[in-house]
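Got a structure for you, questions after.
By letter and in written order, the chains are A, B, C, D and E; residue numbering begins at 1 in each of them.
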Amino acid sequence: MNILSLFVLIPALMLLGLWAARSINQVRGVMVAGASALLALSVWLTVAYLQARGAGETAEMLFTDSVMWYAPLHICYSVGVDGISVVMLLLSAIIVFTGTFASWKLQPLTKEYFLWFTLLSTGVFGFFISTDLFTMFMFYEVALIPMYLLIGVWGSGRKEYAAMKLTLMLMGGSAFLLIGILGIYYGAGAQTMDVVELARLHNIPESMQHVFFPAVFLGFGVLGALFPFHTWSPDGHASAPTAVSMLHAGVLMKLGGYGCFRVAMYLMPEGLAAWGDFFLVLTTISVVYGAFSAVVQTDLKYINAYSSVSHCGLVLFALLMMTRTSCTGAILQMLSHGLMTALFFALIGMIYGRTHTRDVRELSGLMKIMPFLAVGYVVAGLANLGLPGLSGFVAEMTVFVGSFEHADVFHRTCTIIATTSIVVTAVYILRVVGKILFGTCHNPAHLKLTDATWDERLAVICLIVCVAGLGLAPWWVSDAIGGSVEPIVSHLLVLNP
Amino acid sequence: MEEITLQQVIFGIVALMMMVCSVLAVTSGKILRAATALLFVLFGTSVFYFILGYTYLGAVQLSVYAGGIVVLYVFSILLTRSDKNMNERIPRGRWFAALATTVAGFVLVAFLLLGHGFADTVIPALEELNPGTVGEALIGTGKYQFVLPFEGVSVLLLACMIGAIMIARKH
Amino acid sequence: MEYTILILLLPVLSFLLLALAGMKMSHRVSGLIGTVVLGAVAALSYMAAYDYFSLPRQADGTFATLVPWNAVWLPFTESLHIDMGVLLDPISVMMLVVISTVSFMVHIYSFGYMKGERGFQRYYAFLSLFTFSMLGLVVATNIFQMYVFWELVGVSSYLLIGFYYTKPEAIAASKKAFIVTRFADLGFLIGILIYGFYVGTFSFTPTETGLMQGAMMLPLALGLMFVGGAGKSAMFPLHIWLPDAMEGPTPVSALIHAATMVVAGVYQVARMFPLYIAYAPDTLHIVAYVGAFTAFYAASVACVQSDIKRVLAFSTISQIGFMMVALGVCTGAPSHEGGLGYMASMFHLFTHAMFKALLFLGAGCIIHAVHSNEMSTMGGLRKYMPVTHITFLIACLAISGIPPFSGFFSKDEILTACFAFSPVMGWIMTLIAGMTAFYMFRLYYGIFWGRENKELHAAHVPHESPLSMTFPLMVLAAITCVAGFIPFGHFVTGDGLSYDIHLDATVAATSCVVAVVAIALATFMYARDTQPVADALARRFPRLHEAAYRRFYMDEAWLFVTKRIIFRCVSRPVAWFDRHVVDGFMNFLAWAANASGEEVQPMQSGRIQAYVLWFMAGIIVLTLMLLLCV
Amino acid sequence: MEVHVICYLLVGAVMLFAGVYGFFTRRNLLATLISVELMLNAANINFAVFNRYLFPGVLEGHFFSLFGIAISAAETAVAIAIMINVYRNVRNIQTDDISDLKG
Amino acid sequence: MNNSNLSAILSLHAELSLVVVLVVVLLADLLRKPDAGGRWFRVMVCLLMGVQVFLDLTPDARSLFGGMYVNTPFTSVVKSILSAGTLLVFLQCGEWLGRRDTRFRQGEFYVLTLSTLLGMFFMLSSGHFLMFYIGLETASIPMACVVAMDKYRHHSAEAGAKFILSSMFSSALLLYGLSLLYGTCGTLYFADVPGLLQGSPLQQLALVLFIAGMGFKMSLVPFHLWTADVYQGAPTGVTAYLSVISKGAAAVALAVVLRFVFPLMKDDWTLTIAVLSVVSITVANLMAILQGDMKRFMAFSSISQAGYIVLGALAGTTQGMASMAYYIAVYVVANVAVFAVISTIEQHTGGLTSRDDYRGLYRTNPRLTLVMTLALFSLGGIPPFAGFFSKFFIFAAAFEEGWWVVVFLALLNTIISLYYYLLVVKAMYISEPEDGRCVVAPMRSAPGVRLCLVLCVAGICALGLCSGFYEGLEYWAEAL
């Protein structure tokens, strides 16, 4: 059996295990065992992948396997990874692992919660290992729907509204996506659904590309929080329980960028040429707009959600720049944003779990009360605003340098506009840090609160280590990604000189 | 000016009667009168069948419809006291909509029928269809023979019988 | 010279140790760790300087540029990548010495100053982090490494300013400092992007072809980079963060906001100096004008401030203005042909670092003694704190440009360079030098002479600081006394060739006279118990005094920009737009679906006649559709 | 001169739409049912007429009519049974009485 | 009767076996005590149906009775699906039928339902419009009796009356349409009509009348208005049957007829079907949003599902046929599961079918809720449940024929449909009951219902993930 299938099999086994679990300890046991296994697997995969590349493996996808599934429509269960998927799998595994610990004490209906959570992660893993359009889309949707219940049942605030809005908007995106996928399949002569194969054929008529590129890009873009289809993000994230926000902002939103790159751009370069500038403007707006919106928010999660809009906008922005460096930067940004936003949401969840408020006006002086969480928050904030040595800097700089490589003045102007977001980011991050962590605590009820417990510490430390690890030693990730971005970008560049 | 045949005369009278009675059947304020009008229409229909030479069909029409169904109607009208509380007034807007739709439909159908250009065929007057032919076709299994529909209808009738009894009987 | 990497690694190790395990240590242990490590760093720096300058000069008479360490950290493209490494050349070695010296002194000093403070370990950790970042900045092998450490320095500064995180002023000041410099860094970043794109490298020494391609855009790139430098070095109008940054602990102000970090901008311009001279002389002159204006502005504000740290802060701004001017007035690389300013600037940077650190540390002692920054709580302190008094006086004399203290020599070179550029500039700078002497002695008299705040001092008798604090004062004072005689021109010049410093008699005399007159004026106005002249002046020009005291309303302008424009005019509308227009549209779609559902609901009226009416209507419509369309 | 086929068809059409109109306007369920009878009859006439006039060779239309009569009889029987059931439930058979389910 | 005739008769094995079941049930009903619980009687019926499911399949195409009856492998598979669906409905009906006020009528229920199924079989296998019409009527008239079966409940009677009246109206128009077709073609044999079609305006009218009649059966907008009322008023088991079996049969029959009888008028009927499909999906979705009663809500859901189903007919290709049959199969299991849950709750709470009564259901009946959730997700087209695959295939089929815009509009509508399915999910999982306690107490459903639910869940999960079923359908459809 193919090693990659384990990424789907393990969560499936976890689902069975959870179903059979009778006590909360058994549930936790299953979760920890499964999440650790996934983490170990993804680390192993990363190492194996780098070794294989080091040994001179040049195929676009490694560890490939393909089993015919629905022959009449050429649907296969095909798997394979390149550098991009490998890092995405790694990211997902890390966040599932930490998310498990972040929801260690979740009540009530713990078992059900983890069931849906695991289903969600099944979808995520499945998406990243798939190279078949249909299975990709299937896993994409598998990942979306558990969100509804996870937010609706275990969320907070206007959870019903938010859950519904999030689900419907994302499903709206997937409606666009589905029509696009059908367009690709039939446009390419209904011969195959394999992404690599489709790219090699490269025979979708230009007129069809002009129609279906925006459909696919928009479809994935909704999940990537593309302006103006991002409004599910603030409401959804604000209402979701901690680990779900982590997984959603950390991984699920990355599905959007990944899909835009792997499917929309890779398969329809002529469509990209026609629509690229239009979407570039939207993403530029996303980047700046998200940042400015975050400045005046008062709910911590809203701040982070808008920040995610800005950062995920940067992912799409960089992809549309179509240079090797910028695309590498986009992937790095996905990775980096995934880690740091997960960290953010974890911390916000932990703070909220104690204070029962996320309003920045009601929180103050937490540094003294819960120093561990506060320091974690500062680190997350610094990562978010792009402090060198943490992951955000690496990603953003790669994006900006790469984007500025574009020969076109319009693109470079957009880049300069996008760079302004880093100042605004600093404004809202420092505003929050200053308000809630520093100063003296005004609320006497908060004085009695305790600092993080071991499970929370584990999750936070794990994420901080990853954020710092990526920030301090970016070269290997950058190389691995760059190598895999290369064929895709050169495919694009041949057509869009 | 050509001679007017008996067939034409009968047709004209019957057709006129049927049309008038049709309208009466749906407009009459008294339901028993409507049922009577229906009866006349059904008679008229069987006359048509006779004119066409489909004696067997006409006979069936007479016995089943005029003999069976209309009686059923009369019984049920009396049973449900429909003749007593007949309130047929409907709001003007709805009436207008109903009329407009009907007229539109009729105009459409009539227009299409007239526009189709059906061949002007002559049929031999009063030439009857042999009931034996009918019987043969009814039990044959070949093409243009109808044993299977016959079986199907029998199942249908059986089912309807069971259903109607189930619904109508008191427990 | 591979060991130079240790200069970087040691502080970072110390930082990690203190940050991760600091909470478990006693104050003493953690302080010792930090101090000892810094001592080692200082020793290594001196060794590096010695080793470096004792290497034989190259054939062309310059010191070789050494790169003992360099590795690709983050690859972008073939030619563009961020390297991390150590670059040794005269200015970086000079900076190593300055930073490690001042940092070491501050470490020792903090032992006494921060004694018993909550978060002592954290303080030392941050100090180590800062030192590491600053050292990394100066030894950067390429512009992007410089940017990396530039940002790190900014964050360390943020953390240290906000050290007293329960004080609202400290929080606000740290935030302001970070955001203002961040804004300036945006310019730096864009400058780097342009530089990288057009020149094709991030290295300080681009290839010939790269320069050919990028010559057109270099002025713009360098100008944008200077914006970053101006932010860090508190050039007008980006200076507003620096006075507020005094909310941090005083040793931090000495280290970061006087001696090292704030001169990063100067260092950056010096680093790019060859490119400025060759490709963007006009940009360089803009630097000079900005510097000159800033120097004047800051000096005039400093004349009326009452908070001693604020006075010192404005003095710092003014002095950095001097350095900028010195760089800006250069018209060529060779010291004899318009390149004197480069040497002068670096020299002033060096001497200023020492005496300004001394001033701040002295101010720290005073604050430590009277528990206040306000001059009104001081006066007559010379009796209580003799060591502080003497060292402070030395520093004041140095900054005023009185021979034989170091400031005289460096400032004299600057003035010479200015006069060489244009007499107007020369005279302006001389005037500002006079103002410097005036406000410094106003400060000096206000603290140590003048009317004593008896009630306060009776309640809490001021006392001399412990040795851990006075020792650094004495060391720095000693350096201030002798530094002027260092043959600086031998080591650092615009073109790398050795240059003998010789005083221009006219300039020296003029500046001396101006300084003395200014000191005399200050003595006349402030040395006595009462200050009739100063009060009269303040009464005569109330508007001007008020404006100067309020720093010419720059903070109000800042507040206006942030609160009104960014917060209220951009962010609020954007957020409103997001909620009500973008999101409103989504909600509208949902509402529309619901509403149209209610629109079609009457169709389902429950009346069978209506149902078949629809049925019939459907047939008619479909038929018509087919008849007409197919 | 013969009676043209179209004459029969028009009579059928009049019956059909009389039935349609009746269905639209009648409120008594039995009256509605009477209208449907008209409609069914119209179709049956058509079959017979087409068969006789246009395609006299085989008896498809004839049989269609025949079975049509049978089926409409069955329908009527069931319908009347249901009407009586309605009457038992609500003691009335106006259409207004069967418009509870709506919306 | 000669040998070939005998073998011809035997070739009707699907119908014959169904008739045998029918007769056995009729006799058994006559023999049993009317007021007994009738459990064994129900078990017997289900067992017989279980066997019958496998007797429908035939590997080769046959045309019998001079073309009056045409049986193809594909229609035989569809018959099998319908039989299986009927079996599922029977399983879930046990609880309702065993009730004191209905138990003496269960024999009639089975007989009538089976005769409608027989009618559908005839309809599917007909080779002549007369046969088709008889099948259609057999499939609907007894249905009216079953709808009105809860005869002392006013709503059931009302539903029955509405059903029979609108059914008659539509069948009269259909008949008229067929007469026009006959008048213009001269024959009604499926095999002969294509050669005689000209696409004249009168034939267009006939086509529309025909489609309208079938649209009535499938409840396509605007011929759908009876649906909600009848579904709500009919006994829940009957609603389940109506919503899946008769709808599925009508859809396949329509598709087959359109494809093989009207190939020359393809432009006409594709346009009509496209319009009907889009309008059905949209209007039904908009209406479904507003519904609070579960049965009524499911009625609108089924209307919109019908809109999706006819997309397969719209394609009119082999793939379209296969995906349509697949869609129906998937739709059967999901919808029957939903109705099984609704009916169970209804039976145990004395007739509660409002969505608000489902609040907090998860706390009291987690398994039922889970089944309901899976079924709704499948209906909404959420992977990995079968509904996702069926939607994808049917969209692909329509897309292949160039109906991009229709597919896109249908896709947009899936968002709305997801919305209202989630409303139910929300009620069950998220919403707080009015007084904090769920009105539905914990309950244990009857064994038949449980078996039905297990089968349905198995179908929901397996039909999509195991590709064999669809590939088989595609294979059979190619032999069509």
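Note that in this section a contact is a pair of C-beta atoms (placed from the backbone, for glycine too) under 8 Å apart; a residue touches a chain by one contact, two chains touch by 3 or more.
None of the values given here were measured: they were computed from a predicted structure.
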Checklist outcome for this item: In contact with subunit A as well as subunit C, sorted by label, we have E
Checklist entry - For which chain is the distance between its Cα centroid and the global protein Cα centroid smallest? => result A
Next on the checklist: Can you tell me which chain lies farthest from subunit C, using the average of the Cα atoms as each chain's centre?
Outcome noted: B
Item to check | Most extensive contact between chains (C-beta pair count) | outcome: B-D
Next on the checklist: Roughly how far is subunit A from subunit D, centre to centre by C-alpha average, rounded to an integer in Å?
Outcome noted: 64
Next on the checklist: Can you work out the whole-Å distance between the CA centroids of subunit D and subunit E?
Outcome noted: 26
Item to check | Separation of mean Cα positions, subunit B and subunit A [Å, integer] | outcome: 70
Item to check | subunit B-subunit D separation of Cα centroids, rounded to whole Å | outcome: 7
Checklist entry - Multi-chain contacts in subunit D: which residues touch at least two other chains? => result 9, 16, 19-20, 23-27, 32-33, 44, 54, 60, 63, 67, 71, 74-75, 78, 81-83, 85, 98-103
Item to check | Two or more partner chains touched - positions in subunit E | outcome: 130, 134, 137, 141-142, 144-145, 148, 151, 160-162, 165, 169, 173, 183, 201, 205, 228-229, 290, 419
Item to check | Two or more partner chains touched - positions in subunit B | outcome: 94, 97-98, 101-102, 105, 108-109, 113, 118, 144, 146, 149, 153, 156, 160, 163-164, 167
Checklist entry - Which chains touch which? => result A-C, A-E, B-C, B-D, B-E, C-D, C-E, D-E
Item to check | Contacting residues of subunit B [partner subunit C, same complex] | outcome: 94, 97-98, 101-102, 104-105, 108
Item to check | Touching residues on subunit C, where the partner in the complex is subunit B | outcome: 609-610, 613, 616-617, 619-620, 623-624
Item to check | Partner subunit D, residues of subunit E touching it in the complex | outcome: 129-130, 133-134, 137, 141-142, 144-145, 148, 151-155, 157-162, 164-165, 167-169, 171-173, 175-176, 178-180, 182-183, 186-188, 228-229, 232-233, 290-291, 296
Checklist entry - For subunit A, which residues are in contact with subunit E within the complex? => result 69-73, 75, 134, 138-139, 141-142, 145, 148-149, 152-153, 159-160, 163-164, 167-168, 171-172, 175-176, 178-179, 182-183, 185-186, 190, 211
Checklist entry - Taking the complex as given, what residues does subunit E use to touch subunit B? => result 5, 8, 19, 64-69, 104-105, 108, 111-112, 115-116, 118-119, 122, 128, 130-131, 134-135, 137-138, 141-142, 144-146, 148-149, 151, 160, 183-184, 189, 200-202, 205
